[in-house]
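In what comes next, subunit A is part of two complexes: it sits with subunit B in the first one and with subunit C in the second one.
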Partner chain A sequence: MQGKRSTFLVAMLSFGMAFLYIPMVLLVIYSFNKSKIVPIWGGFSTRWYKVLFESEDVWAAVSLSLKIAVVNATFATLLGALAGLALVRFGRFRGRTLFSGMITAPLVMPEVITGLSLLLFFIGLKGLIGWPERGFTTITIAHITFSMAYVAVIIQSRLAGMAQDLEEAAQDLGAKPFRVLTDITLPLLAPGMLAGWLLSFTLSLDDLVIASFTTGPGSTTLPILIYSRIRLGLRPDINALATIIIVVVTIGVVIFGWLMLRQAKQRERDMHIAAKS
Partner chain B sequence: MKGEVVVSTVNRPWLDPGQTPFIKVQGVTKSFGPFVAVDNVDLDIYHGELFALLGGSGCGKTTLLRMMAGFETPTSGRIVIDGIDMTDVPPYERPVNMMFQSYALFPHMSVEQNVAYGLKRDGLPKGEIDERVDAMLSMVELSPLSKRKPHQLSGGQRQRVALARSLVKKPKVLLLDEPLAALDKRLREQTQYELMDLQDRLGITFVVVTHDQEEAMTLSTRIAVMDAGSFMQIGTPTEIYEYPESRLVADFIGSTNMFEGVVHQQDQEHVSVKVAELDADIKIEHSTAAADGSKVWVAVRPEKIILSPSKPDNTEINVLRGVVEDIGYYGNSSTYRIRLENGVIVQVTHPNQRRPKDGRHVAEWEQEVYVGWEPSSGVVLTK
Partner chain C sequence: MAKVLSGGRMARLAEKLQSSWKTVVVAVPFLWLLIFFLAPFFMVLKISLAESVFAQPPFTPLFEWVSEGVLAIRIVFDNFVFLWEDNLYLNTYLNSIKISSISTVLCLLVGYPIAYSIVRSSPTARNIFLLMVILPFWTSFLLRVYAWMGLLADQGTINSLLIWLGIIDQPIRLLYTEFSVYVGIVYTYLPFMILPLYANMEKLDISLLEAAADLGAKPAVTFLTVTLPMTIPGIIAGSLLVFIPATGEYVIPDLLGGGNVQMIGRVLYNEFTANTDWPVASAVAIVLLLVLVLPMMLYQHIQSKESES
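For the complex of A and B:
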């Protein structure tokens, strides 16, 4: 059997990989294109990277997107964690099913609907109390509403897997409910909350539709900037920007994967120690 | 026979009317919606007892334990520990600690931190905490592993950490939820004796929940057999095994031969029960009050039945004839399934005191044998 794999499987794998990665590879290659017209190869050059770094618009968009992503991720993690806790630990309360259904609804709601309804809501609110100004605030609030649904789901599944007797054991040993939360529940939830934070961060950085609905004049996030420039035709400096994003994401994924692998190996070693003793 | 002898009450505080119970469960009911988990039970547990709550899954034993710990509030009734009403006291204020079936060790803390956690919550000075944790860890022989995390320990070590953690606060009562269930057989036997020893040394009252009748019999001073939220019988292991009060208890503890019959005649010492399926009268020593003609059950333990190849001379004992249908060899003993002339199967346990001659035991398959038991060996059950 060794070394002899089915030709069909090999073909399928190559096809799948090509489908996923050829567009990205093309993008990276064209970002080094000297020519101003994207599809025509005019030789290797890094001039578009220079153009990109000198463009203030791009930097403003990157910084706005990052700011929104960080604030969104932080609030979404907090609110989502609380919602997840309530769903799992409160036991049965009136309207529990409705609540849990409602909290996950944003996951399946079409983005245009979420965006539109939020826009209407913000306009109405502005008319009523003069707040919020459309821009950073509104985009962030909009992102929090859907990100926290994801966090709630993550926390919920993590808590369900975490045996309740750990919390009971802490109480039994004299810890009051708040102490149990800070000593036991939160530390054990930390990995879930980190995952939730990262997911919210990426969701926010990635979002075009909802941001387009809820943004205001002068507040251009990175996806909005890229999309609006592309609409006027393919541009080589955008290719350069996309290449940088790909590189950053790849580095992030590699580091994360390496950490996970190391942790798994550590666990394996620990198990081995336990078995031997 | 029972009750005539004056017994010392030093180790049997439940027989001494002058003693006050340490734990008093009074008319406690717990229902979850329409389901009644614990149904109006009363229970007195005395200081220094190792008390076992025994029953199958869903019988309410764990719910009762959790009410003592404070994790569940009784729907009605009261729980008093050492003279103080604990019914509405939250778990973190009770002088009671619990060892969980899963051990519930905090995975993000080391062995040392796990054991110290309860003392820290009490706000003890650091020096005293360290001292008590060290003493406790050396008692359970875990000192060299104090810096390890729970997942770096074997099952038996985890069990000892859990035990140390629940004992370090010197609770008035230690509650143990299936303490040995997660250990393998050999470790279980060893740990069983360690637990008894520990309880003896510390003088703490233990309440153990278990579904394992053997564990309950060897560990405890008294056992409460539970079914469907109520106690079927409360008594010492010997009482429960030798004098079961109902068919359910007789069946649940050990194995038993059960015959249905009608009280036929009785005198001062003996009851005669007519058993239709055996087509015979069974003579039993008087123990339970039953009127003539009433329906009763006769229970005889397999090890109390004598198996012999020839008809016994003694006319005082109950004798039946049958054929060996099956033999289960356990090494120290063998269990014989004897088919009587009318098709009823009787189980007999025979100790293998001698090595079998030419590989032959006391009886072989298809051999005709006599089974017999003394009138004092059987029990008459009315329910």
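For the complex of A and C:
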């Protein structure tokens, strides 16, 4: 669907992009503010970056959050891929409705409910079997549980759009089902799994509410640290931190977008060549 | 091996192997969700039916061995009665639903024209705009809410700008009002509205719009009779993706609403952490789940229909 656009639509698009981006641009500008009071300009300075780099608790929080995010993304991708595979390729099996329900529910479940229920469950479990200790383990388990739902949805839509021809051809040629999985299905799923891994990684780094419920003493993730500081008001060092995050994400998204665009163009060219020959 | 086993036994063994790895593929994620998703809900349900006591853990047991072989079951509905009778909770639920409904409508009003105009761009521009809509989603949610604290504060950017322009001479109260909560929700949830709308509109057939125009329909009429009805699935999916999480929102009412805007997510969190009343917090969660169960099931229904087609 493409065609002429009215002035109204162009105006709405410009307004929308301005609405999305002006607050983030301001965050970046104020990070270079010399003044301690964030919205009052006191001249250019990079002192808040120095303050940020020198605070040890920030580094500790960053390292804990990254560790949780990596472990979470890896497990969530594996579990989510299995779940997506089961839902698309296995047809009907016992408990399928419950299974697909449990897969999509975390996508829309309010965070306070997920957080509270997992915390109460962990406390109960600890009373019964003496495990788990609250902190790294419990936050990671909580994150895997909601991240795998996102991965499953990505894998599901990729599998649904993927013709089964190749898998069937391999089977006809005598490949064992497990061989089909490892040699055909998994390589085809790799881009979806990469997208799922990146999304799980980001979701974990971003989560405040569920981590606040499931954390234990001494385990402060980056969002928990940021939250405890901004609750009391604006802080220029948080602006500096926000700027770093925005720059890293922008570089990542631009590279990813560029690769996708190139891949799409390559595919177009291949199709063109294939059509000619 | 192959020589020892007859053809039929081979086939049976292969079948067995195949079904066993299929079982593993289903069982591993299934078990994970049963343990870490479903079981925790029963834990909340159980505690919501207990009484709050000053002990560790701070609630009464549901099942108790009174004496040898006699099991007593204590179920108390007091927490739910308490929620119903205390106007604070009832009003907070209603207020949360009001705020998330209005925010959903605002998101739709802002997001719909944006999605529509992205769909009508050239393929390259389309990809760039889509990336621009997705990019904020990959940066921190918390810091995007924080950005609005700086914009809306008494000494913030908007007030300074208005004073500098001579429109006002005293800062107006923007932060810690219901208005700032609306701004925060619309800002952070807008991509969740735009993306499903875009996915739906992308599949639309422009020739239908052209046919309507050729037959002499005015743009407004075309929109109301052709475009709008065709985009209803996108509208429903986007609205649910905003409405459901916004109703239970904790961070936005806390940071942008201060103590002035009561939403149920914040009450639940405070009930648990500040008051350490686990049974009441659990009951609050169960009721919130009941409030949201219909929209959640609707979303699931749409999702499963989508993945089947």
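Convention: the second predicted complex is superposed on the first by the 268 of 277 C-alpha atoms of A that agree within 3 Å, B and C clash if a C-alpha of one lies under 4 Å from a C-alpha of the other, contacts with A are read in each partner's own complex, and residues count from 1 in each chain.
Note that in this section a residue touches a chain if its C-beta (ideal position, glycine included) is under 8 Å from a C-beta of that chain, and two chains touch if they have at least 3 such contacts.
All of these numbers come straight from a predicted model, not from anything done at the bench.
Colleague: Judging by the criteria at the top, classify the pair subunit B and subunit C on subunit A as clash or fit.
Modeller: fit
Colleague: Have a look at where A:K176 lands relative to subunit B and subunit C in the superposition and call it first, second, both or neither.
Modeller: A:K176 contacts both subunit B and subunit C.
Colleague: Name the contact category of A:P217: first (subunit B only), second (subunit C only), both, or neither.
Modeller: Neither: A:P217 stays clear of subunit B and subunit C.
Colleague: I'd like to know which partner A:G43 touches here: subunit B for first, subunit C for second, both or neither.
Modeller: In the superposition, A:G43 contacts neither subunit B nor subunit C.
Colleague: With the two complexes superposed on chain A, say which partner A:G130 touches: subunit B (first), subunit C (second), both, or neither.
Modeller: Neither subunit B nor subunit C is touched by A:G130.
Colleague: Tell me which partner A:P187 touches in the superposition: subunit B (first), subunit C (second), both or neither.
Modeller: Once the two structures are laid over each other on A, A:P187 reaches subunit B alone.
Colleague: Which of the two partners, first being subunit B and second being subunit C, lies in contact with A:L166: first, second, both, or neither?
Modeller: In the superposed model, A:L166 contacts subunit B only, not subunit C.
Colleague: Count the residues of subunit A touched by subunit B and by subunit C, then name the partner with the higher count.
Modeller: Touching more residues of subunit A than the other partner does is C.
Colleague: Figure out whether A:A274 sits in contact with subunit B (first) or subunit C (second), or with both, or with neither.
Modeller: Touch partner of A:A274: subunit B, not subunit C.
Colleague: Treating the CA centre of subunit A as the corner point, state the angle out to subunit B and subunit C, nearest 10°.
Modeller: Angle at the centre of subunit A: 90 degrees.
Colleague: Give, as a whole number of angstrom, the minimum Cα separation of subunit B and subunit C in the superposed three-chain arrangement.
Modeller: Subunit B and subunit C, overlaid via chain A, are at closest 5 Å apart by C-alpha.
Colleague: Can you pull the subunit A residues that subunit B and subunit C both touch?
Modeller: 176
Colleague: Flag every residue of subunit A that touches subunit C in the complex, lowest number first.
Modeller: Going by the criterion above, the answer is residues 1-6, 8-10, 12-13, 16-17, 19-21, 23-24, 26-27, 30, 37-40, 79-80, 82-83, 85-88, 90, 93, 95, 99-113, 116-118, 120-121, 123-124, 127, 141-142, 144-145, 148, 152-153, 156-157, 160, 176-178, 181, 202, 205-206, 208-209, 212-213, 223, 226-227, 230-231, 233-234, 238-239, 241-242, 245-246, 249-250, 252-254, 257, 260-261.
Colleague: Residue numbers of subunit A touching subunit B in their complex, please.
Modeller: Of all residues in subunit A, those touching subunit B are 163, 165-166, 168-176, 179, 183-184, 187-188, 267, 270-271, 273-275, 277.
Colleague: For the complex, give me every residue of subunit C touching subunit A.
Modeller: 14, 17-18, 21-22, 25-26, 28-30, 32-34, 36-41, 43-44, 47, 57, 110-111, 113-114, 116-122, 124, 127-129, 131-136, 138-144, 146-151, 153, 155-157, 160, 187, 190, 201-202, 204-206, 209-210, 219, 240-241, 244-245, 247-251, 254-255, 265, 268-269, 272, 278, 281-282, 285, 288-289, 292, 295-296, 299-300, 303-304, 307
Colleague: Could you please specify the touching residues of subunit B with respect to subunit A in the complex?
Modeller: It is residues 69-71, 90-93, 96-98, 100-102, 104-108, 117-118, 121-122, 145, 149, 151-154, 157, 165-166, 169 of subunit B that touch subunit A.
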